[in-house]
């Protein structure tokens, strides 16, 4: 159960509500976000909400049967629109395009990418400075110095930045230089990281785990929301299955299902979803048609020379063509 | 290696080619289809094809490294177009729509469905008369009598029929009454059935196995082709994964991959691919955008009263809307 | 619901029971096996069984909530012991060992294998004469002639035969020459084949599907049982998962679960379960310890020269060592 | 390539080796553990190791083709034995038993468990004080205070402690109070955590990821080893598959495969591997027979009242019986 509190609630009123809820056999958790205050009451017995509905300080009460509560669409029918500032949004009826290299490599590379994105009207650039790698001997990214360089150039170009955060200590280091924190597929259930991202006032995009269920993805989002941060985006990036003809199996089903279950925007990552350069386009277009609020993909001036993910990265002319087609596909979808 | 033979080849010439190929350490299989004659030569050693290229009776020679040969795109770049007669085709640049109930139930139902399809410009009706059911106590379909009734009505309406064949003995029973034989997901590797369908001069659509790989699907098609029947269609219908939020996981990646690996048309089945009525539409549209040559889905005048698959069946107004949107999506894709 | 009928029931009594059950809203299926007669009543409403319990011709009534009925342990607590004749059994407290090559190849091979088995005290030989192969160009087995040769030699040696049947027409061909019909992993849901095997009075071992659930395996066994054949054995042979370090993932959990859910004997196939020769032994021993009623595995006089499955086949000295260890492991388990 | 350095190597000698390796086109990483010093040289070109073999400071050179190097058995044939102190070991020919509750709950519970373990001759107690939970509203463990209480009681009883560490900041907090750090299935690829555990001189047991490959597990162990900590244990705990009859699918194959690929001890967790209390015993016994060096499982004085994992936890009498059987099974295996 979600008990929405009024913004003017007094602390004694809150105490009374908590006592009442506790006396009814429920365990309550107080949640304060950028946008509101809530009590999440968890319990097994049902009770008549009229028993508490009259109490001062309560704005609204919602019964939510899902395991996750605050990210459920059962209490918030309107889709959340995440604001990145300067008129850039994810969700809420537009199509957000995020493109860029797997890893930030050089100043030159960043400049070329920004030029390409500006020309194509793309407002968000992706890139990794901390890279999760299976092998300890592989390239692990440029780190914070690379991020600062990138941020300076992107800011000058009027382009927003999304980049992966891998551990708690990186949150503070990165906070001034990113517009969206990305939680990677290996960290979807890194609960300490999620807890800490709840304390930040900056959008967070959570990727589905490598073999995570949709339920788990939503519960991970609930961690961040209940920690205090409502600015959340979900991302489908393919799952691990028995089929090895593609790197992952893009779960196209996840898009309509997540949009039905949650009010959060849903982004698709076709680069990881299929993992093969020549098929990124059809998968991206399919995701647009299935209802995605955004697409995030990898592009590089010379994919074959990229430090990582070379086999699934588009060059700029492929990227340009994809952007044009995605816009046309989205326009068609939007016309229905 | 595929050795294409000339139509005028004499039997002594064929013998010479077989002898030569055998002497080079290859095992050869002769294949005669509706459209041509081939020798499939399988062996490990490489040899210079000029050693046999001059022999009379040989039209062309193709080296194909894939496990499957005749269905590979490595020797036949142009996409196959399967002709159902009366100007109805699958593949070759159009979008084939196939719709109808899970099971054929009554004359009334067939009539209503035909009327709906005609009105919407759909030329192929799907429906099952032999139903594979996990439980021996479940409804197993109307059998051949149902098929005859359906065929009579469909023929009068000018609509083609696709229906599942479950065992060898049904092939002869069904042959006069279907336009396309469907091999179901539980029979993708029923090799005896595939062998027999190779002897039929009628299109066959093979569904991917419940957890079949794309390689296995193509090898199953190779069975039918090498048995003598080139009129083949592949169908992606979702695979079994750990995720239980949907009935199956629609493998959208399979569409571009199959189209690259094979010259055969690729159809998508969103009804089984997601298994949830309200999400069939976005998944169908995604499949169109990903490059499918056709869509097969379930519709019924009263889905909640259908004998089977009620939870994934569209009603006629949903079906009409889907058809309209698919046509618009296909037109957009076709314009690129 | 399973209604066990008396052996002396009269047909008018049976009619009365069917009418009564129908009037209560249940659909009934009559089942006559080698061992008894049953009515399977399927319906949604609950009724008090005392309403029918008094009726003449009824021996017993069992409420079984599982989807499958006759193979459930909910009505038959004692484990089924399948009798192969001449004092050879599967199930019922002993450990049945079945060994032999993937494919029957030559007379010489059969003789060597029989000698090895006799020496080791193994009473059942496995071998394939009809081979399901993904590629139409691969070796498909010696067919019925090979089976006859094998049968003659095995009979002389006092060894029983288990061999795979792939299609309905092979049942009659094989019937005189096998002691146990095996249904392979690609045919677990070949329902027509299962129906026909219900009409045979000979043991049938059903392998779990390549990605079949335990529920599906039990439902497939229900097909054969409800068709009239109670002589059934279940076989776990590994499932398809994302992990490619082994050919399949042996589902060791399946053994205790199947033994709890069903009264049928449960055999394990470590050769296919892991697919790597040097690890067949530990997996076989694990299966014995987990409670398997039998082990089926591949052995060949020269594994590296076997026509098929060379990489997972033991030579005779490995086989001998495995047999000795399995007997010791089983003796320990049996002592508890 | 692993270049083992002598303990007396001088820094100038090391510099010469690094220069030489670099000049040959290899990238080198220096690794210093509790037990030795190594240079890991990664590169694509092959070179004749005699080119460097003569250089002073080199003890030995091993070519290791695996992605992981230091944990591979290709350079270290003898199995690693991890020393927990006071004569308690994991690996090296004995069977280590680790048992205890999912979560540490109360002093009373700890005392009862310790008494049970002492009586049964078990020397390592498991238990969680930081619990990874999908839902932010679930019980998250007693934290460090619980650990201190537990440690005091266990130390007095002469029992070692293994407990999960979830994030970098907990390493220092826990270090004085645990004997083995456990990395949970959701953190197998938390590379920052692995890096930090490389700096600790205390055994680390790494669980396989929820759908992690064996290759990934070994690479995660490589992170810790290359960070400086050789005291490593691998743990198979079941993987996520399509089968939902059990919580996870215990991958019994993983045990012999990991033992072949790596010199590290391999422990099995049947509680999570099957997730159903009544089947923990057969799965544990199977794992012993398959070659496991240890078994870790959940036990509680009153499983039905446990704060977490109640459905897969043994009571003390079940635990006692399991311990006795595991010892007998291990004795049999050891006799071969």
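Chains: A, B, C and D, in written order; residue numbering restarts at 1 for each.
As a convention for this text, contacts are C-beta pairs under 8 Å (C-beta built on N, C-alpha and C of every residue); 3 or more make two chains touch, one makes a residue touch a chain.
Remember, it's a predicted structure, so these values are computed and weren't measured experimentally.
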Query: Between chain D and chain A, is it the same set of residue numbers doing the touching on each side, over half shared, or a different set?
result: same
Most widely separated chain from chain B, with each centre as the mean of CA atoms: D
- request: For chain A and chain D, let me know how many angstrom lie between their CA-based centres, rounded off.
  value: 33
Field: Cα-centroid distance, chain A relative to chain C, in whole angstrom
entry: 49
Message: By the touch rule stated above, which residues of chain B touch at least two different other chains?
response: 211, 215, 240-242, 244
Message: Touching residues of chain B toward chain D in the complex: what are they?
response: 211, 240-242, 244
- line: So, in the complex, the side of chain D touching chain C is made of residues 211, 213-215, 239, 241-246, 249-257, 260, 273-274, 276, 278-279, 282-283, 285-291, 325, 328-329, 332-333, 336
Chain B - residues contacting chain C, complex: 27, 29, 40, 42, 67-69, 132-137, 166-169, 186-187, 189-195, 209-211, 215-216, 219-220, 222-223, 226-227, 240
